[in-house]
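Chain naming follows the written order as A, B and C, and within any one chain the residues start at number 1.
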Amino acid sequence: MAIITLTTDFGTADGYVGAMKGVIMRLAGSHPAPAIVDLAHDIPPGDIPHAAWVVATSTIEFPLGSIHVVVVDPGVGGARCGVVVRARGRWYVGPDNGVFAYLTERTSEAYAIENERFRAEHVSRTFHGRDVFARTAAAIASGEDPSTAGPLVGLVGRLPWGPRQRAAGRIVHIDRFGNLITDLPEAEAGAAVTIGGLTLPIVGTYEDVAPGELLAYIGSAGTVEIGVRDGRADRRIPAARGGDVFPAPAAPAEHQGPYR
Amino acid sequence: MAIITLTTDFGTADGYVGAMKGVIMRLAGSHPAPAIVDLAHDIPPGDIPHAAWVVATSTIEFPLGSIHVVVVDPGVGGARCGVVVRARGRWYVGPDNGVFAYLTERTSEAYAIENERFRAEHVSRTFHGRDVFARTAAAIASGEDPSTAGPLVGLVGRLPWGPRQRAAGRIVHIDRFGNLITDLPEAEAGAAVTIGGLTLPIVGTYEDVAPGELLAYIGSAGTVEIGVRDGRADRRIPAARGGDVFPAPAAPAEHQGPYR
Amino acid sequence: MAIITLTTDFGTADGYVGAMKGVIMRLAGSHPAPAIVDLAHDIPPGDIPHAAWVVATSTIEFPLGSIHVVVVDPGVGGARCGVVVRARGRWYVGPDNGVFAYLTERTSEAYAIENERFRAEHVSRTFHGRDVFARTAAAIASGEDPSTAGPLVGLVGRLPWGPRQRAAGRIVHIDRFGNLITDLPEAEAGAAVTIGGLTLPIVGTYEDVAPGELLAYIGSAGTVEIGVRDGRADRRIPAARGGDVFPAPAAPAEHQGPYR
């Protein structure tokens, strides 16, 4: 059974996600029907870096060969190219605008979606999720060879921040709980980190600090995160997405008390 | 495999959608289990025209014979009738309060849900989604003949606006992105449209205007939409849902510059 | 086919729900794949009583033997225990922090999740939804005996309010529509109830009062609810969750007019 996940900024109040599901079920619904999995639909509208992080950190859990459609596509109908990407043993389908940036840092291959077996005959200018990307996913789930979707291309989509520098990281995502998630890996973090002018020791989990206190810890992606026990770090740290985080040898004495 | 989609205003924080899914899985879960598809659950509470547009424009993508449950039902337990409707080769289940208005402009047939094979023995006064509509969908998916649900009835649910007049349209939906979606079809739109006192030329897609500019274009439903590139048209156009849109021969010269 | 439902406070903008689904599909995805059902993901962050009510009132509709994962877990990584609970003929998986309180008022059995067949070899400190609970659900769906997950334990999680006193109830949930849902059962409610200083007669449904009026009625859980026709009761009644509701012999005369 093929698996197709959907990640969009379409929300759950309009019919756009439904239309995509309908296309997939109509075109790939028979013998055996693919499993259509909602991954996340409340990506902030047009927020490509948000989508890129969500897709990179969650799709890795899915079986090899699974198909992941990403439609955060403010440039729909314009110059950006629709692509199918092979990365990490899985297939990714969506616009080449940066949403696949974290996936393709290592070896990957990408094909422009041009072949009519992978898209509608008449493609609307504003809803490629329905007319291109859902159809590409359905085609792959039905056994089409993704490498026949179109010519091999180099991805040009980039995130606003460049590649990570060694011994430093960036805030790459702020989640629903207000946690600041960085790309600084555990192996480089050391005993403490400096972020937004504060130095925080790295502890194990929320209960290692008092309610309302800031903490740094190794998050579920294996990188440093900043949180507040029973609170929101994004309201306490004067740093935005893209901001720097540095390893620190240890928290200075004056910061080893409560972080309020 | 039967397909059952769910469209509600129940949101994703309460157990109402879950209870409906449980009923369907309990009653229709065996040999072969139906596919239950979330279509949209964040319809604004009680917003019948919103639901009507979402259902009409998305369910058309699903296979013939699919079953579409719509529970936006502020009059639950009152005088409105629960119905199963055959329209466009698909089955629709929900209250007769206008949610099916766009589907039934052409030929359709509707049956009141009265037979106990299509509803619970004891029906609560406030949750027909669980006690009537989920059960009707499960019954159809299990092979019951929908025309035996109850007597053939004429639908009485209407939207606040009447039938569209020729050579004019209405704003029928405002989506998550703030786009104003009208029911003026491409064939009648011409080169420009007048809406909220502004005349806008019809262009291809967002990238045909500068960031922050208003644009009119043919949307994914084949009708005129008004948007703002990287912005929200609903904050820029002094027009509400139900407001008029007219074809215009061409945008006047003073409006062919930036629309800010 | 096994059924696994997911109830979380992870929202639909991050990748946490997706990661859980990926784990389940990877570990339990073959011959026959379980049905993964989104129950509710917008539980307010960390709101254990909210989750407890949603889970108790919706999972009862699912077939016997179904598996229900609940991840509202502000104490993740701390002292609270991860458990699998047998209650009402179904399996429940999540933290022992009160989310199962309504389920376990009657006979139930609970096992701590310790065995490595029920969790990841390396468990992160902050995402037991992915590393423990999704894996436990996948293990049960794959045929593992839940009673081998770990030692039999007594649940210690409690809600902020104690057991209900006879002839009184509490507001236990406020839903998306602003309805105040109590745990006062129909059999004890009588002809009227007193709540927040007001006495309201119990009527049948919304249409039994005029638009904008308060009403008390028997809700879909079989308990008293307070609503406003075409409005929100939570903005009209000076009472919060946990507040008292009492049966009243009948509404006094001065309250039998409009409740505005």
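Just so we're on the same page, a residue touches a chain if its C-beta (ideal position, glycine included) is under 8 Å from a C-beta of that chain, and two chains touch if they have at least 3 such contacts.
What you are looking at is a predicted structure, and each value in this text was computed from that prediction instead of being measured.
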Angle of the C-alpha superposing rotation, subunit A to subunit B, to the nearest 5 degrees: 120
Interface sides of subunit B and subunit C: same vs different residues, half threshold: different
Centre-to-centre distance between subunit C and subunit B (centres being mean Cα positions), rounded to whole Å: 30
Shared interface positions of subunit A, touching two or more other chains: 12, 38
Parts of subunit A lying in touch with subunit B, wherever the complex brings them together: 9-23, 25-26, 29, 33, 36, 38, 45-46, 74-79, 124-127, 130-131
Touching residues on subunit B, where the partner in the complex is subunit A: 1, 3, 5, 7, 12, 35, 37-44, 50, 53-55, 57-63, 66, 173, 175-177, 204-207, 217-220, 225, 230
